[in-house]
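Following: one structure in structure tokens, then a few remarks.
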Amino acid sequence: MSQQSKDQARDQQLAEDCAQQLFAQDAASKALGISIGAIKPGCATATMTVTDAMLNGYKTCHGGMIFSLADSAFAFACNSQNQAAVAAGCTIDFLRPGVLGDQLSATATQRYQGKRSGIYYVEVTNQNAQLVALFKGNSARVNASVLPDATTPKA
Amino acid sequence: MSQQSKDQARDQQLAEDCAQQLFAQDAASKALGISIGAIKPGCATATMTVTDAMLNGYKTCHGGMIFSLADSAFAFACNSQNQAAVAAGCTIDFLRPGVLGDQLSATATQRYQGKRSGIYYVEVTNQNAQLVALFKGNSARVNASVLPDATTPKA
Amino acid sequence: MSQQSKDQARDQQLAEDCAQQLFAQDAASKALGISIGAIKPGCATATMTVTDAMLNGYKTCHGGMIFSLADSAFAFACNSQNQAAVAAGCTIDFLRPGVLGDQLSATATQRYQGKRSGIYYVEVTNQNAQLVALFKGNSARVNASVLPDATTPKA
Amino acid sequence: MSQQSKDQARDQQLAEDCAQQLFAQDAASKALGISIGAIKPGCATATMTVTDAMLNGYKTCHGGMIFSLADSAFAFACNSQNQAAVAAGCTIDFLRPGVLGDQLSATATQRYQGKRSGIYYVEVTNQNAQLVALFKGNSARVNASVLPDATTPKA
């Protein structure tokens, strides 16, 4: 196994460990039935099914629930390098309503990561691969590691 | 009672009726324990207490829950003139974390309302009147009334 | 030449014609020394050199000039299908300053295009391929064609 | 003169000095014919007349020029306390086109200012007091003073 392959395998393991660590304590994501999907360094997928309790006054999925799914995927992605980060700000465009029973999938991709601030794009699609929302998350690292006993890697 | 006072009273009643109508069917807001506070034409306040089930992996309030509160206040405000409107897009800046037990209050104010699109600013504060988040909502009217048997007023 | 190839060639020609038509009358882009680069359906590149007259009080490129470059690329991209569109709103993140003499390049890519509204992502880089800014443009079509004597294609 | 009045007078003088200092070296704002209007701590107004050289391919004011005006007002406002700050990101909603000869006015108001990051709202209106654009600027302080020989005040 080459050094490059070893580095990639280590980064991949780190990303998965960070996501699991965050998710294990993420009561809000669990309360919404969010599951973690594919994880890679800088990238994360999260999925959620639209339930009755997520519908708004127009019987479509409350925008806050779609945002929450995107925000969770963003969190797993921007914390994937074992440097704890929080959301500083986000934008979301709602392109298609979610309806009862929809299986929504949010995929977050790192677009920029500086020493401290990062920008991640998230797309939310439904079970028919239709675009439901586009989200941009601005993250800020907070000088802590994600894993409790890990040595924080250099930026 | 002057005509102006009558108009104001009617607009106020309409705003309250629209908010109640929306809220009555808004399972998502209820599931989060959101309550409607003061309502005025173009303006709405919503409140929510941060519970265990709203905490994220860092034991602070999940950004999606803060967004949901702001989004609900925005919805009540942009639907307050009995012209059904949906969120087209939103931005949020997170300025201070919410913690367990915080009583959050979101106040939405109409900043612009054209024939179809509107812009609403929402501020989210905690029980100590500290700023938790700033939110901007872009709304789009959808050619329907909010109240089931109402005649939609002219734009 | 297959029908598909013919369609692609026609779409490509249309995109180039629309960009040239817009640019020919775009005094603001010309005043900034903006040039059109590669054009494809839904995509456009524009370039600009940072001059003395673009510097702000901190002797870096005024954010408005970087925005203008991104906005012009966005305009060429969202008008590339001969359906006239205007900017409804934009966001920009400034990641690295531009300095005197920098050769900036903005590449706009269609991310979503509905019947009326569209979302385009633009990245602005310098001559060293370093990321200067990320931009998102929300467009709105206005029921007109870009080319003066063209038949507007169906949405 | 009470101490409070003295403090206010000093803060006001500081805000004016900072704006003048920035503007004196701001070639970009001058090239666009931007003038500084009223200045207060955290607030600034800037004005600009739409010229031929600001028109885009649709013969309305290029969005980048409207953005530049708002961005200049934002810069004067977020630098008004003699702590140098730069734009980290901005959003703008275009609500009404600017046309040749329009006298545009941008008023920036501090909405939030922490130790480092700030949020400023800017509204752009025309000579008929019609709303042309709404802008939000996120600023970041950079550990320097605006005035060359000033002692940077504590945050």
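The chains carry the letters A, B, C and D, assigned in the order they are written, with residues numbered from 1 in each.
Going forward, a residue touches a chain if its C-beta (ideal position, glycine included) is under 8 Å from a C-beta of that chain, and two chains touch if they have at least 3 such contacts.
This is a predicted model, so every value here is computed, not measured.
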| item | value |
| --- | --- |
| Chain whose average C-alpha position is farthest from chain C's own | B |
| Contact-richer chain pair (by C-beta pairs counted) among A-D and B-D | B-D |
| Centre-to-centre distance between chain B and chain A (centres being mean Cα positions), rounded to whole Å | 26 |
| Gap in Å, rounded to a whole number, between the CA centres of chain D and chain A | 35 |
| Distance from the mean Cα position of chain D to that of chain B, given in whole angstrom | 30 |
| Residues of chain D whose C-beta touches two or more other chains | 88-89, 91, 93, 138 |
| Residues of chain C that touch chain B when the two form their complex | 88-89, 91, 117, 138 |
| Parts of chain D lying in touch with chain B, wherever the complex brings them together | 91, 93, 95, 111-112, 114, 119, 121, 131, 134, 136, 138 |
| In the complex, chain B residues that touch chain A | 21-29, 31-32, 52-65, 67-69, 71-72, 75, 79, 84, 86-94, 97 |
